[in-house]
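Below is one structure. I have some questions about it.
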Amino acid sequence: MQNSPLTAKVRKDFPILKREIHGHPLAYLDNAATTQKPKCVIDALVNFYEKHNSNISRGVYTLAEEATEIYEDGRETVAKFIGAADSGKIIFSRGTTESINLIAAAWIQPKLKAGDRIIVTEMEHHSNLVPWQLAAQTSGAELLYWPINLESEKSGIGSLDLQKFEEMLKDATKIKQGIRLLAVTAVSNVLGTVNPIAEIVKIAHSHGVPVLVDAAQAAARMPIDVARWDCDFLAFSGHKIYGPTGIGVLYVKNERLEEMQPFQGGGGMIRQVNRQTSTWADAPQKFEAGTPPVAEVYGLTAAVEYLSDIGMQEIQQHEIELTNHALKRFAEFNDLELYGPQDINSRSGVLSFNLRNVHPHDVAQVLDESGIGVRAGHHCTQVLHKRLGIVASVRMSFGLYNNTSEIDLLISELDRCRQLFIE
Amino acid sequence: MQNSPLTAKVRKDFPILKREIHGHPLAYLDNAATTQKPKCVIDALVNFYEKHNSNISRGVYTLAEEATEIYEDGRETVAKFIGAADSGKIIFSRGTTESINLIAAAWIQPKLKAGDRIIVTEMEHHSNLVPWQLAAQTSGAELLYWPINLESEKSGIGSLDLQKFEEMLKDATKIKQGIRLLAVTAVSNVLGTVNPIAEIVKIAHSHGVPVLVDAAQAAARMPIDVARWDCDFLAFSGHKIYGPTGIGVLYVKNERLEEMQPFQGGGGMIRQVNRQTSTWADAPQKFEAGTPPVAEVYGLTAAVEYLSDIGMQEIQQHEIELTNHALKRFAEFNDLELYGPQDINSRSGVLSFNLRNVHPHDVAQVLDESGIGVRAGHHCTQVLHKRLGIVASVRMSFGLYNNTSEIDLLISELDRCRQLFIE
Amino acid sequence: MTKPSIYRDLLLEHARHPKNCGRLESPDLRATAFNPLCGDELELTLAVSEDIIQDCKTKVRGCSICQASASMMSDLILTKTLQEAEKISKVFTESLTKENEVISESLDSLRPLIALKKHRSRIKCMKLAWDALEDCARQNQT
Amino acid sequence: MTKPSIYRDLLLEHARHPKNCGRLESPDLRATAFNPLCGDELELTLAVSEDIIQDCKTKVRGCSICQASASMMSDLILTKTLQEAEKISKVFTESLTKENEVISESLDSLRPLIALKKHRSRIKCMKLAWDALEDCARQNQT
């Protein structure tokens, strides 16, 4: 097996890589769906439950103090990881989806009026579309789509054209249409496109439009710096950055934090509860009703520390190398249609494609027979797939532990698909 | 140490019980806040992440198939645990609080009109009060409080009088007031009161009022049978029944399921997504947006199987024995005020009290110095505490692994409190 | 290739050369089915007279398993009554969810499909054609 | 009792016999503070002339640590200016959150409190009186 220096170092940290699938070593290439967990993350969970498990905040005994410290230290570690000035802006949720729904319910819904618009892009995940649809519908607002480039324009296929965005904003100003938000992904979970968030935010802000960044894919693939990006909201999931399921993060800028209504009601988010009305705790607790996922925060903290130790720059570099290799191999075949930028500078290691005349399900199933895990379907982007004129695609997406031999294996196994399904 | 047969058997299953606190063995008596985890639950989490970790539903490769099976099998195990006829009625949430907020947002909010009433009891946890306050406020509805008995009426202190409830319902009928829901806890997390849910539901239904049962405390303490109880909704948390954090359950009766709007928007809960509108998946997926907490479901499944193997009847019996012992010991002191029923038949092993002239914080802190974990505060029941005329209390609450010696230790350490704070 | 594959001969034969493809011009019954997980779609058109399925066509936009299932179904239900066809569909569905290893004789020709039942994610693919069939049967009742 | 306790003599002394208890009849400044985690409350009343705290009383409904902190605070701020008092409060708060082990001389009498800083859940108890003090200082500025 050909390993990059990073891969050689990290593969032994992931217990699941020892697994065999139908007699073959696992080649896990579905990291955009969820990532595998290093031993330190699993150990953190065990350690929490075997040593410190307790509910937080309202307990004065030792375990409760420890659990509270674990939880609040986790907030600080996450804040540092994404360049947030203080941990008070970090809200823990159950995942990207809940983080975005939180903003839809607690921030935009109360201020949305009939005729207002929320801008989304055509490449958004359902989790960054449907919450806005739901919010828009209750108030007579609408979604406005920032289209992706399909022709090979200067920004490349599957990219967003900044000029188009400026025009949309200017047109809205002309007809005095209220644009309440831009919701945009930092990295597409299908095309692999890396969007220039800092520039996008600058344009949006110059027209008074706040920006929510879906960093579900980006957080595991590149350094994130909310201070530099200057976005208003940013959301990601623990399970996609080598941490546990059941935990997500929402970063909110101070000004926006003050505008937010409560999200869910319950224990921990209140100040005083009277019979008919209540008052609220300060942020971030105000937005964290109920017993929080303390163990999951501990696991997430371990994941963030693991990634920081390796260095997000190095991780990004590794992914670029894998992606370069994949792009080169894909170019060898003319029955492989790759969606998204060809240019390595505007994409990351998420590659969706179709093998001509073979259904993505069948491709994924045949690959599984050789131990390869890839995803087939619309990857929660029906709007994008419709735009691309397809129903489904096969997606290969890289993680820390992948290497070029796994890519080569996939490419060679596609031959089996051809043999089975195309006479 | 004096152990009941059950305790002797189970203590070794809980790794955390090996911990020492300030040189003393841990006496964990805060099980109403969260329970400790048996090894099989911790092992399930490890096993998931080391062997099967993957995202569910949309993957055709082996790991994804396994994860999906784990997730859906979990739904069936939980359905059986609470006597639900089929797993289609089980929605996974992040906890009791989210389960209740889900009903508040997806079911009651859309149908609530100005002047409507939601009945709650004075003993409800904030998580079963604040969501209804928030829903009521947006539509001009109000909460109606079913008061608890304070005098030693026939149902005993801290109990709910069924006649009072009938009268409330009749009064509402007289003035044509719409009662949309009764939200009631099965077991009080402060008083320990066990409410007669089956009888309550019968009365409510005879007046056309649906019932939501907060089973956060009950689920770990007694057999639950939604078919017999006939409740419309039932909610509980994984972490309070010896399972992981980050997972909760919501049971919904079929008729209600059909009335429910979507909760959060995102991946997994859709059928078709168009640019402005979408259609929804069938229940329960319709209410589970985003990547679900698969590992946590696996852990919860292990917990439920662990409890079922022991038997909820036996667990209940064990708790009755401990509670009896505690009631007897408490009666020895006239500076100990216990809140809630004295009658063992209408209470469970959650005992809140105050030591005269010593603040609950100080009691809990002193007990910690001997390794005892109890909670001090309002336990997320400010309305109840106000009704009791107190600000805070100390709460001792039992789990599987507790024994009478731990109760005796607590009682004897209260002496240290007296010496420190009362001259 | 020597690797064992879930794609066995009979299945592939049906997938590559599906029977009764297309749509009837003026069907007596028509139903579509949709798989939200992947976006696959299927249209079933039936010609029915005196309760007997005289003709049957499926238009499939789906994977090989979906295609093969539709093809096998059409083979099996032709000349059967709608009630019989619905009954077969129910038994087939049960055989996919039950642990039971005994396969009813009426489903003999569906064995290559039933063999895949442990692939839970593919059950919906197999079921698409049958969902449409049951929809047609329902329409006929009302 | 031989067990080591966080409740040391000085702390207990203040808790049992708190200084400057109660409320001033007609205070120049008044503030209340509230701990949502346990419902504890504290009322601070100050008599201030020429910016100097001439008199100070606290009415506490809280635990021994809250009580002791209020008592120690009142001892410390009497005869100081509001600005000085506010400064002390800020330094005290910092000493509770920082890892720093060096305790500023001005906080000498607060050592028994600062020693408890690792008990994070009790910091809010200690801070209640000081929150009210900072509130008074803010009122004075505007």
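Note that the chains take the letters A, B, C and D in the order they are written out, and that residue 1 is the start of every chain.
Definition applied: a contact is a pair of C-beta atoms (placed from the backbone, for glycine too) under 8 Å apart; a residue touches a chain by one contact, two chains touch by 3 or more.
These numbers were taken from a predicted model, which means no experiment stands behind them.
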Touch-network distance, subunit A to subunit C, counted in steps: 1
Reference subunit B; chain at largest CA-centroid distance: C
Rounded Å distance between subunit C and subunit D, as computed from the means of their C-alpha atoms: 77
Distance from the mean Cα position of subunit D to that of subunit B, given in whole angstrom: 37
For subunit A paired with subunit D, centre-to-centre distance based on mean C-alpha positions, whole Å: 46
Between subunit A and subunit B, centroid-to-centroid distance (C-alpha), Å: 32
Where subunit C touches two or more other chains, by residue: 37-38, 119, 122
Subunit A residues counted as touching two or more neighbouring chains: 58-60, 64, 270, 272, 361, 365, 376-377, 382
In the complex, subunit D residues that touch subunit A: 34, 36-38, 118-122
Subunit B residues touching subunit A - in the complex, by the definition given at the top: 15-16, 19, 21-22, 26, 28, 30, 33-34, 36-37, 41-42, 45-46, 49-51, 53-55, 58-64, 94-98, 100-101, 104-105, 125-127, 129-134, 136-137, 142-143, 145, 237, 239, 244-247, 262, 264-270, 272-278, 289-296, 361, 364-365, 367-368, 372-377, 379-380, 382-383
Residues of subunit A that touch subunit D when the two form their complex: 57-60, 64-65, 68-69, 72, 270-272, 281
In the complex, subunit A residues that touch subunit C: 359-362, 365-366, 369-370, 376-378, 382, 385, 391-392, 416, 419-421, 423
Contacting residues of subunit C [partner subunit A, same complex]: 1, 3-7, 12, 15-16, 37-41, 61-66, 119, 122, 125
